[in-house]
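Listed after this line are the structures, all set down as structure tokens.
Each of the next two complexes has chain A plus one more chain, namely chain B in the first and chain C in the second.
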Partner chain A sequence: MTSVLPKGFTMMPVTRYLTGFVICAPLLVSLLGIKHLLVLSYDPFISSWHQYWRFAVFQTAFQNESEVVVAITLLHFALKHLERLYGSFRLASLLIWSSLYNVVLVSILSFLVYRVLGVNLFVSAGPYGIFFTLLYLYWQSTPSIYRFELVFSGVPGSPNPAKLVITDGIFVKILMVQLFVSDGVLNSGIPSAIGVAVGALIHSHILPGKSVDFPLVIPFLRRYAARKPQPTRPTVSDVQDESDDERDATAFRDDEQDTPIRPLGTQLLDTFRT
Partner chain B sequence: MVEINKTRLLFFIIFMTLMIPGPAPPDGLSGNGAKVQALQQLKDDISTSRGVLFNSTYEQPTGNLTGLKLSYQDALEHRNISLYPFEDRQGPYEENQRYSILPNYVRKLAIDSLNSEEETIQALEFEDEILEHPKWNAISEVFGSDVNIRAESHGAFWKNITGSLIGDFQRVNHTFEHIPMPLPPYMKALLRSYNTNRTEGDDNWREPNDASSFERDVPNFHVDELKTGNVTELSGNLKVNIQNTGDSSVEGSNGSVRVRLQIKMTDIDEVNIHSLALSGVYHPDSGNLIATTRSAKYAGSYGIPHLNFDETHYNRSKAAMSDWINQTSVDEVDVTMIDTLLDASLGCEMIAFLHFNSTNLSADEMRMIDDELWNPLGRPHKSIPPIAISSGVLYSPDCGLLIKATGLVGEREEVQNKRIQRVVLLGIILLFAQIIFSIKQMSATNTPSTLSRISFWTIAMMNLIDGSLSMLYLLSSIVFQKLYLQLAVSSFLGFTLASVFEMRYMILIYTSQMNERDISWGVALRGTAIDDRNNERIDERENPNNNVGTEEPLLPLNQARPQAVQQTQQQPRIIQDEQTVSGQIYLRLFFFLIVFSFLVLNASLWPRKDRMVFEYVVLLVLNSFWVPQIYRNTLRGSRRSFGWDFVIGTSVLRVIPIAYLCLVKNNPFSHHQDQLLISLIVIWLGIQIFVLVLQELFGARFFLPDRLLPKSYDYHPVLTAGDLEHGFGVEHDDEGVHHEDGKCKVDCAICMNEVEIPIAKSSEHLTNIMNRRGYMVTPCRHIFHTNCLESWMKYKLQCPVCRNSLPPI
Partner chain C sequence: MSRPSRIHAYISSAWRYTLLALQSGITFPILVLYKIVGVFLYLILNRFGTKLNKYHHDGYTTLKKTTPQDKARQFINKFDSDELTLLECGYSQALYKSKREMKWLLCYIQSEEHEDHLRFKQNVLLSPQFVDFVNSHDFLVWGGDISQSEAFQVANGFKVTKFPFLGLLTLTVNSTPTANGVTTSAPVLSLVSKVQGYQDVYKVITKFSKAYDKYNPTLITLRHDHEQIEQDRQVRRAQDEAFERSLNVDRERTRQHQLRQQRERDRELYLKWRTLSMKPEPDTSAKGTYARVAIRLPDGSRTSRRFNKDISVEEIYAFAEASSTGIISLEIPPDVEKPEGYEHEYSFRLIQVMPRMEVSCDDTRIEDSVVWPNGNLIMEEKE
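And now, the complex of A and B:
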């Protein structure tokens, strides 16, 4: 993976929230005991019980922790790239577009397969489609940085040693395969393949998404961006260099009005700093 | 180091108690010949009983089963059991008391109650005979004489009746003929060997119904009263736990399944508790359930088929029971089984006939509900009906008891679990909110000055509540496997709140207050005011010995008397660092936590009255967590302590669960409605908060009489013109001071803006206290804005102008 990306989620709010969502949604779902509501297959949910809302919710959360781990790894090592490439606004629109396309394609496919072939498709719960759409776009925009060869000597009967040429993308590919087959080749493979197809359609501008902002999301994001940038707190290393007097002066400056707004996470950690 | 060792010891003890199971199960096979013999004979006995069950037909009379040899008629005629089998009972089985242990009147009552919705069992032919029974009046008083069969069409019955039902019972005020149920000879022999091996003191193995053993110590009736299942009350509460354990698809059973019942009968005050374990058969086609106990003296579960009153149900019961019995091999019976059976044989045997009401749903709808509860998928289904028993008969053949069960209502286990889950989730939200409030409070008071205002014990009480809540959650997460996730999360959050945040806060508070000298109420109130030297003289007059050590003013006051300081310095003082302190606090808290949690657990098993007293006392004491803060405010004369968001938020968050338990009817913890308790708690907390508000508005000691008051330093004194002339912090150049209509303007040295001071004409003419809140005068006679000096005093208790030390607010 690449080392040029900044550490953590600096200046990448959409990726940060997406990571939080991918982790928290399954936790919340199993805490509420509603895992079974995210399961989707055409028969009986749609054909006899008419639970069309299942199309809307099946992408919200992964069912198993291994899928969450793989997805988070992919997000952190590869898909983070996309936010730098597209910008936060467009990535957010892209996420919404691709989730909608995936819902539509999955519902059409499962309807056709059930009606024409008589096969009942079972679709794994989780944002497989969205992830593979993003991964497709990632592959289209990321050149390989280096390549290396694995040389196997001693294949009997052949004069030349066998060579395997591998690029740096192999690690992401391994994770992709892992995510693709994580819930069975068919169950998770179908939404993943649809995701790849959506990615290809978006990339070739057949479906709008890559350059068209999603109407609803923009005002919300503009408000987010318009917020005053948070003043940074002095870090531990800064404080250590200060003399006692200086620290007192800092404390004195720290009046109630001037206290920077600290998010909950910082406050939580601050309780352990003396 | 000593503390650390103590901690280790405590943890070791806790660990050991948790890890090591109770005393090892008695290894009866080593060196106890009697038990080995008994086990072998028990195995033989069980295989015989199984043979009787498998080979029996409806036509054959009840076979050679322990406790079932004598029929009710035999008991009436006092036949000797050793003469079994009786010759006059070889013919085909008949449904009457000649052949069965059920008396005819019990049979009639049972059939009536099983037929209460639809006639599924043929009624008796000899009803007139029963009505002439001498005790029929007593019976019909409880059971009602007329039988009305509800003939209207009804929906399907429950297929699976796993759940717990709560209702009432009524006992017929008459003891009927006891059917003798002696222990089989090998069990008697075993008991005899027990008794010879034991000292007389713990001779608790008594042979039931064996007159010779009673002669020694207690009169017969006394023993009878103590027996489990021998209900002496005429009415009380009845709780039935039902579990479907069998497989409903057994061939020939037509859906009838084997069920297990746990019946708990208590009087209203829950002083006597009778718990009985029954097993039997449930017929989902008619909603009828027939179950009996099983013990060493009564092999009831093998005789179940004949309690079904007709041949069809006989065959279904036989199929269901045979299938279940076949699942275990006779060889798997071990020594513990002997003790279980002997234990059970000390109590009364019980036979239960229960009729479950039909639901108002069709069979398909019920199947949908059953499937959904068994394997949730989000199926569309009708709202889930309750499980209800309209009528039931409990009969004890060996104690001669006849009990009517009424109004039993409950929910399916899964529905009940779902309800508890919702409550636990709500608790998670509350815990989360409490954590956020605590964090905010902690970051608002992170300086020694602000920390020193806060009462250690207020936080300690909250910590005790949260910690024991976390412990109880942890314990119940082990018990309720179905709700493990939710309970574990609650326990984790409670633990985080109690032993991370609140504990950290406690340690901070403790270390910041560690150097305070011990003070008592009297001392604090008599304590020297900073600007009033007269007090010192008064003190000396009152206390000629000048026992200064106990008379120390609260905190570093700027005029500490030299001799007092000397005396305190002479006292040996243990210097504690933060680690030692935290170790000690952790140790004490965990000790109290464990003791308190076990006390609460234990109290939940107490009789009703004791439990209610305990509940009132504990809840009122635990909900007085603002009292230490009020006390501390008064002692230190400080007006502000906790942020108001924390005070209100915490109080509300802690009242919500109690309010839920006391106000919501049918809550899953089956806590009774108790408006008195909740209103007491709300009023009590309201009073505490109101006092805190008043303390903030009028000063911490507003409620004390005036003569006690001028003891702590008053930062808002009445300033008179005379004071100003005596150089009260004011530079006497006319540029800086402006006298205008009883007001004076001075520069605040912190913000460099003007402070407006109202000037009283003379010392008698007091200005309103609210006017005086605007400025503060230090003991060294410097004047500041209240806001300016208070925010400065968060950081340092030192005058910003002359560096004299300041008494805390």
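And now, the complex of A and C:
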């Protein structure tokens, strides 16, 4: 009985690839020296130079390593849960949908803001929108396990001590705030807020995303996964599965105290005690 | 020009289509906007509404108290199937039940939004083969949804990486070989087999039957031991009860004996007191104020006394009893008191000889009774 998700990425290929991508893409971008291509600002790239492809690529990689670290931590401690919640294909579909929606909404917003208000938006590079879409969905479907209270006594003028009730989700929330403000409240905040909006729209089934497969890509992936040859003889994975069961049988006990622990020293001594 | 020309038809249909396109082009974005704004408003109001309620301390707050049973009932309603009977309790209670009844526990956790959810439920969980398998092996079944906090914790505890999840739990013993032979630990509940994600129903059943065949002997042994212990306990309880009963009988007997002794003592004391408080015998000179009464006692001896005509017949009874027990001739200390809580009852009758009739023991004055002016009485034991 724990609130910690299982370790590792067993049976979670999409999260695994996403993690790899989030780590490797900035590395590759740095190595190739093309960081400047991911910068998105309406003026002058779009308004004067018409580089519309920047909308398509600005989400590929974070610019700073701290954002990568925070994003990976969020993935590992929270967003991993989404894959077992939805299934791999559904999550992959959701990722593609949400990245598209984010691109569309960011481009519309920056266009409107530039034309109507005359403000030039600078949008941080990196999958902020996708992450906040996922985080929104995560909050919608994750129960809180425990809550604790911080009691501040000695607030002048109030009979009751001030109380702050915090659930176990606070740690994820702190990381979220960190990611939200990582590149300036506006620069990274705007794509993040758009991500939350996309999450809300997907969650309330206004935009297709959760239950609708993304056309072409997801059916192809499904067919590819189904075509993989089924193992007829016990393979490594089967054996692993078995040993997994064995390990579970010995690992999970509802009360650990019942199993006698015999260290090596005791075992040696027991041999001579008769 | 009665018939419209072909060109006219083309133009009119083109016009119609343009109008339609314009109409839908205008209405569609408005519809979408309307929907989006509505949802945002709803979300915002809802969120802030609940927040405001929460901080409004002067009002009352309704606290939803949901017990694990309520949650389980909700889940069963949502699960909505007659084939599998799910336990209507929380997970820990299900564990306790399985442990106490020494039965297998099948643990099902679902994620409603998972792509395999419906497929798994229809093709595996509620398939006749699986239901048969579960019912024939007498498994207890507990189910939960991952959106519930308890099921979430269980899933994390079992390190579930894919849903839907089926886990089979049973009691196992850990045996460790030592120099002094194999020592076995106390039975603990452990997960012996688990199915994650969609699998064919035959595969699932095969997997579970393998685990069942492997661990059921242990469970049977445990159950047998448990029954033995339970039987022993029953026997011991019966013995204890019998002992308790005989002890009670003894105690009752002693109590009765003590009561009787107490009664005897009280009776003697009462008689002494009664004898002491008898009215003095009237003098022979005061003729006409007394009755002369002669009594034959059961042992054959006779005694007689004069009684004042104004006192009750009960005095004769008291005299008769005192005479027959010999108390009348005893030296009685003057400080004898009437024993408290003692009701005296005479165990004999006094009977007038000629004509034969009983002199009842009551408050009748002697002058009004049959012994006036002369009485000749026989003392007879009541039967």
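The rule we apply is simple: the second predicted complex is superposed on the first by the 213 of 274 C-alpha atoms of A that agree within 3 Å, B and C clash if a C-alpha of one lies under 4 Å from a C-alpha of the other, contacts with A are read in each partner's own complex, and residues count from 1 in each chain.
Just so it is clear, contacts are C-beta pairs under 8 Å (C-beta built on N, C-alpha and C of every residue); 3 or more make two chains touch, one makes a residue touch a chain.
As the structure is a computational prediction, the values presented were derived from the model and not from experiment.
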item	value
Contacts of A:Ser204 with chain B and chain C, given as first, second, both or neither	second
First (chain B), second (chain C), both or neither touched by A:Pro143	second
Touching partner for A:Asp270 - first (chain B), second (chain C), both, neither	both
Touching partner for A:Phe62 - first (chain B), second (chain C), both, neither	neither
Chain B versus chain C as contact partner of A:Phe180, first or second or both or neither	neither
Touched partner set for A:His36, first chain B, second chain C, both or neither	first
When both partners are placed on the shared chain, which of chain B and chain C touches more of chain A	C
Contacts of A:Phe45 with chain B and chain C, given as first, second, both or neither	first
Overlap of the chain B and chain C footprints on chain A, listed as residue numbers	248, 252, 255, 262, 267, 270-272
Contact set on chain B toward chain A in their complex	376-380, 418, 421, 425, 428, 436, 439-440, 442-443, 446, 485-486, 489, 501, 504, 791, 795
Residue ranges of chain A touching chain B (in the complex, touch as defined)	30-33, 36-37, 39, 45, 49, 51, 54, 248, 251-252, 255-256, 262, 264, 267-268, 270-272
Chain A-facing residues of chain C, complex	35-36, 39-40, 43, 95, 111, 113-116, 146-149, 152-163, 172, 174, 176, 178-180, 183, 185-186, 188-194, 196-197, 211
Residues of chain A defined as touching chain C within the complex	1-7, 10-12, 84-87, 89-90, 141-145, 197, 200-201, 204, 206, 210-211, 245, 248-250, 252-255, 258-260, 262, 267, 270-274
